[in-house]
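Structures given as structure tokens follow.
Heads up, the next two complexes both have chain A, just with different partners, chain B and then chain C.
Presenting the complex of A and B:
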């Protein structure tokens, strides 16, 4: 046990507790729903989680730096609508170009957030609460209340959600799911192993120290917002692919689902700790609960109440599990304290940013 | 610049802005400067204004309550449901207030006792309380409340003022005294500016936070009932999305999102600025959507401009020495 304790810190295995919770949820629903363990269930959950996950990855980076981006729902709606209009007007447009435009559009909106937060020194909540309203407002004003309809979109786009990327037996792997997994893997590895990406953690866990070390504080915060915007832009494209019909209301309220995924995923809302994979597991847990409750035949009116309760329980049990692990580790550290005083991770009570 | 001077600077800025807007509106439209218009202006979003008062206290205390709009909906639905099931109206109102207090106790338990971040807890509350409201009403709309109840929401009670406006003023005075004139108010600032220091000085942090969240939910429930009285009927999705408007008003009032800073005078001024701005734009035929743009922009600029001014000031001073 001490061998294990020396090599692994509780923070590093906190995703495990989420996996356990997901497994419990699946086992629970599996015993109540006939034919629950099927590829259909998997696909249903995967496609509902994919979009949230991509936005949650960007949100994680922002939250790590002790900021928050509440404007993501508006960015998703903005890009979904305008890229949709663009494609509807010119069906021959290169698909990759369309994706690039969506990402660039999102990144552009992220630049606005980032500049005001990093160089204007305005709290992120204030800025993104403002841009949440402004981006949506610009969208409504420019659109003239028209909608993008599935009929006006080319076949490659409307058919994309049903494409089977890699047929394994009866399992259909959908492109949106693959895209989300690729994004998570890239960002998980980058934030774990690239010193450049570790800066997000450094700035969030101790801004004073990060400044003394000479990290470009403003640049890193700015970058987090730009990446978050770009990923929200990509998610906007995914939104277009998944739903086809886009009104100016598209993505409204998405920011709350994303923040819920990030918080349930164990990313510290006060910055500095948490992982991209954790955020994905948070999204998966919420998505699993949502879809499974629906299939359990619970009236749709009960769904939100149960979901709220389960999110609360998930956050609470995650906290309790982590606390227990820390206590377990804490005992081991006491014995080692003479040798490895500097490696004591301890509990970091985050001050308010 | 000391904190006090900065605070005064903020209120002066809001006051100047308010005067400018009122003057501009007065010139723009002859109807603007009438008592009827002012009452109307207040009445149209009085519920949000009421909730903004307690939200200010919660944010000054270093926390946030995202569940207020759902609690408003929950209280209104509990009231409508119990009335529909045959309970007398006063009992229904009492039960609605109790439901609000219960929701607040639930928030307080997880935040103060278990120690979870308020953002997570109240986000779950935002989803969950709305869910309970939906369970009660499903997709029905319940109306047909007794006449006295609807009159309370829609007719003037004293002079041109409706009950909701009177309640707003009473609560404003009450919370101003609580925040700025009582020991509890000082504790809210202490907890909000440095929770560790507060704990080590023997402040019962959990109790202060519990009081804030129960108070916030209770007042939100009251606002939900007033909203139901004004509209005359209740639906499950009532007041959905109000939380962002309320938080916007509080932050525009100079309350720091990081806690410990701000006061109710600023929040009162910011409410007036928003109301007058919306009203003026409405009279000038500017759509609600563009109004949101302007208020969002104002929220950002209200912090950005003083910051930039200070930067320039520092640069200029630096060159001097």
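Presenting the complex of A and C:
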């Protein structure tokens, strides 16, 4: 094993290759679109990426446990609409309270998913496909198909997307972008250093072993869905901030972008490996493609096809490229070293695998 | 119960670490455990023997908190305890290591060792964890990169990680459930060194194995189970393998009895300088009708790879294969099957059988074409007929061939595998670890079947890590080491020493390399 192989794992190479892909994508679009390299483009892409990222962080936790949450798009629409209605009816509401309500609402919807998956033993794909439709249906029914409009919202909310948090030269740094970065940093840290968060990895990596060492499987899966719901709720608020006008269609199809971001970001769809930071890079690539293809005037149906293709490519490359890399790296070698107490002669090395 | 429990081991003055008192457990119609009492002392290696379904696994699951006993008590250091979960067992200082180590492939070695520690604080200190993992492994005399993921570790390395895990938890009772089933003879010896070390440190060890010679090498006490009851507990010095086997099956079986050998007649297969780039090379041997050629060597020596090459799963890249004196190219399993070669995989679950399917569907799968009617539909009555014939011929214990294969015991699954490949009418049969994880009774039956097939004129290659098995079955033994053929030993010169010497890399002085005389 070379020095490089010891330092860098195949999984990290995969994440780094994503940066190269993002650079290629930007260079590609830059050569086709006039004025692509501008702060306006950056901000437009950044606010789109921010929303996908926040939801993708939650989705990452769920996917790590060998599950999936397809209802995130509906949760985003649900919270965006109802929190929007709430604020429209009471413009004096405390902004932080509004955010807290959005998060709690999302978490509540996540609880439903989590309970059915963890304790009902129903596959997550089925459960969340069901709740995707149910949450959207409830939204359409309760809203009476009305729309939240920008002019019914208070100024602090409609002005929020344009606030400049930390001006770096001519570059404006927007609140949504900052919020997404903060979320990524918090969860990247948590999933690396908090022992309870390491359980997301353990359970997805080998459920049978997790059972045998006594990890609380159901609790962990439940928690993943609740956090995913809560972050989708937060993203719902961000959605409201970004668009102002919220119809019952809000966030529809977002699950496709989010799952694409997570999978392209190197989170193994079969659980156990991947990082929050990787999912963020995935979101950056997906967001860049979405916004740029949109500017090229390509229809959104083709956009969906591109996302679908990316998911397939990412999963296929996981199966092929990562396996090759792992084979190249090989497993750690076992060596039996003579202890001082022993004086054993003969072959001491274990056979090569 | 037959109370041979208080055997003279000199440790009766000290309270046992673990005492099972009159424990019983029933699953539906099966009395899995019936009034079992057993005690385990510190620094003692206590072997459990018994056929599959004898109750060993149920006992282990009760001790590790997977099942709750219907009746009876579990005493830990003279205190009655209730073990409700794996976490409970762990808190009480009980750990278990299984045949297939259960590690987290995506987590690194250090994290695998410490994953079940509840007391290490909310924040992981990676530097400290790596350091502690390294020192535990060093204590074991094992050097392993603690930062690398568990994915891709050899089975022996995985066992070491499991043992390190147990040590890190300060276990007082270590249960080892067939830990050697997938290890080569050399690795078994390394494992035993670790086990003896733990014993010296006062850990009580419950050791389950189907390999008699291992049990008699390492155990202090030997307990035999049959049909959910404890039949006998004896100090090792007072026990004999024959006696233990008799207790296990209720009759005497001799597994070391060598097969009557046949005269070498027609050559069916002649292989010369066979190799696969980077895996093995220079394999040269002849196989005759009715001959059993054993493949011995350590795990990873390339024996299975030769088998895979001969059947075409991972084709050879150099050398020649003559089948009935005609050169052949085997590039896929389809080629292998067409040429009358059958390969019975060592991995029954993944490569061999479709577990949720019925016995008959499994048996006819490779040659399903033969069972089609003129509309191209499968005639299940024909399939059942074939499967029924094999059920009778190989004594597969199942009420009907419609039964799912998943519901059969290991020995019977092995027989279904054999049926499936015999149904292709092979002239060459390659058996890879034919009795791994199979109980003694079925093992003797599988051996008898192999002998029978040889007399029917099939040329048979037996790849096995169970050396006594290879010696008992084979007319000649081909020994491999690190992808090279070391020797071909005739029955007269093949014994434990000569085979192991060759497998460890020293060429026996009087070996005959290459083809038969």
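Things to note:
Heads up, the rule we're going with is that the second predicted complex is superposed on the first by the 284 of 353 C-alpha atoms of A that agree within 3 Å, B and C clash if a C-alpha of one lies under 4 Å from a C-alpha of the other, contacts with A are read in each partner's own complex, and residues count from 1 in each chain.
Quick note on the criterion: a residue touches a chain if its C-beta (ideal position, glycine included) is under 8 Å from a C-beta of that chain, and two chains touch if they have at least 3 such contacts.
Everything numeric here is computed off the predicted structure, so don't read it as measured data.
Once the two complexes are overlaid on the shared chain, A:296 sits clear of chain B and of chain C alike. Applying the stated contact rule after C-alpha superposition, one finds that A:198 touches chain C and leaves chain B untouched.
Once chain A of one complex is fitted onto chain A of the other, the partner contacts of A:217 are absent, as it touches neither chain B nor chain C.
Of the two partner chains placed by superposition, only chain C is touched by A:206; chain B is not. Residue contacts after overlaying the shared chain place A:19 against neither chain B nor chain C.
Counting contacts by the rule stated earlier, residues 351-353 of chain A appear in both its interface with chain B and its interface with chain C. Those residues of chain A whose C-beta lies close enough to touch chain B in the complex are 70, 116, 120-123, 125-127, 129-134, 136-138, 140-141, 253, 256, 259-260, 263-264, 269-270, 299, 301-309, 311-312, 315-316, 319, 349, 351-353. Listing the residues of chain A that touch chain C in their complex gives 1, 6, 9, 192-196, 198, 201-202, 204-206, 208-215, 268, 272-273, 326, 329-339, 342, 344, 346-347, 350-353. Chain C contributes residues 85-90, 96, 102-107, 109, 111, 115-116, 120-124, 126, 138, 141-145, 147-149, 151-154, 156-157, 160, 184, 186-187, 190, 193, 298-301, 482, 504-505 to its touches with chain A in the complex. Remark: chain B residues 62, 66, 110, 114-117, 119-121, 123-132, 134-135, 138-139, 195-196, 236, 241, 244, 247-248, 251, 256-259, 289-290, 292-293, 295-297, 299-300, 303-304, 307-308 touch chain A in the complex.
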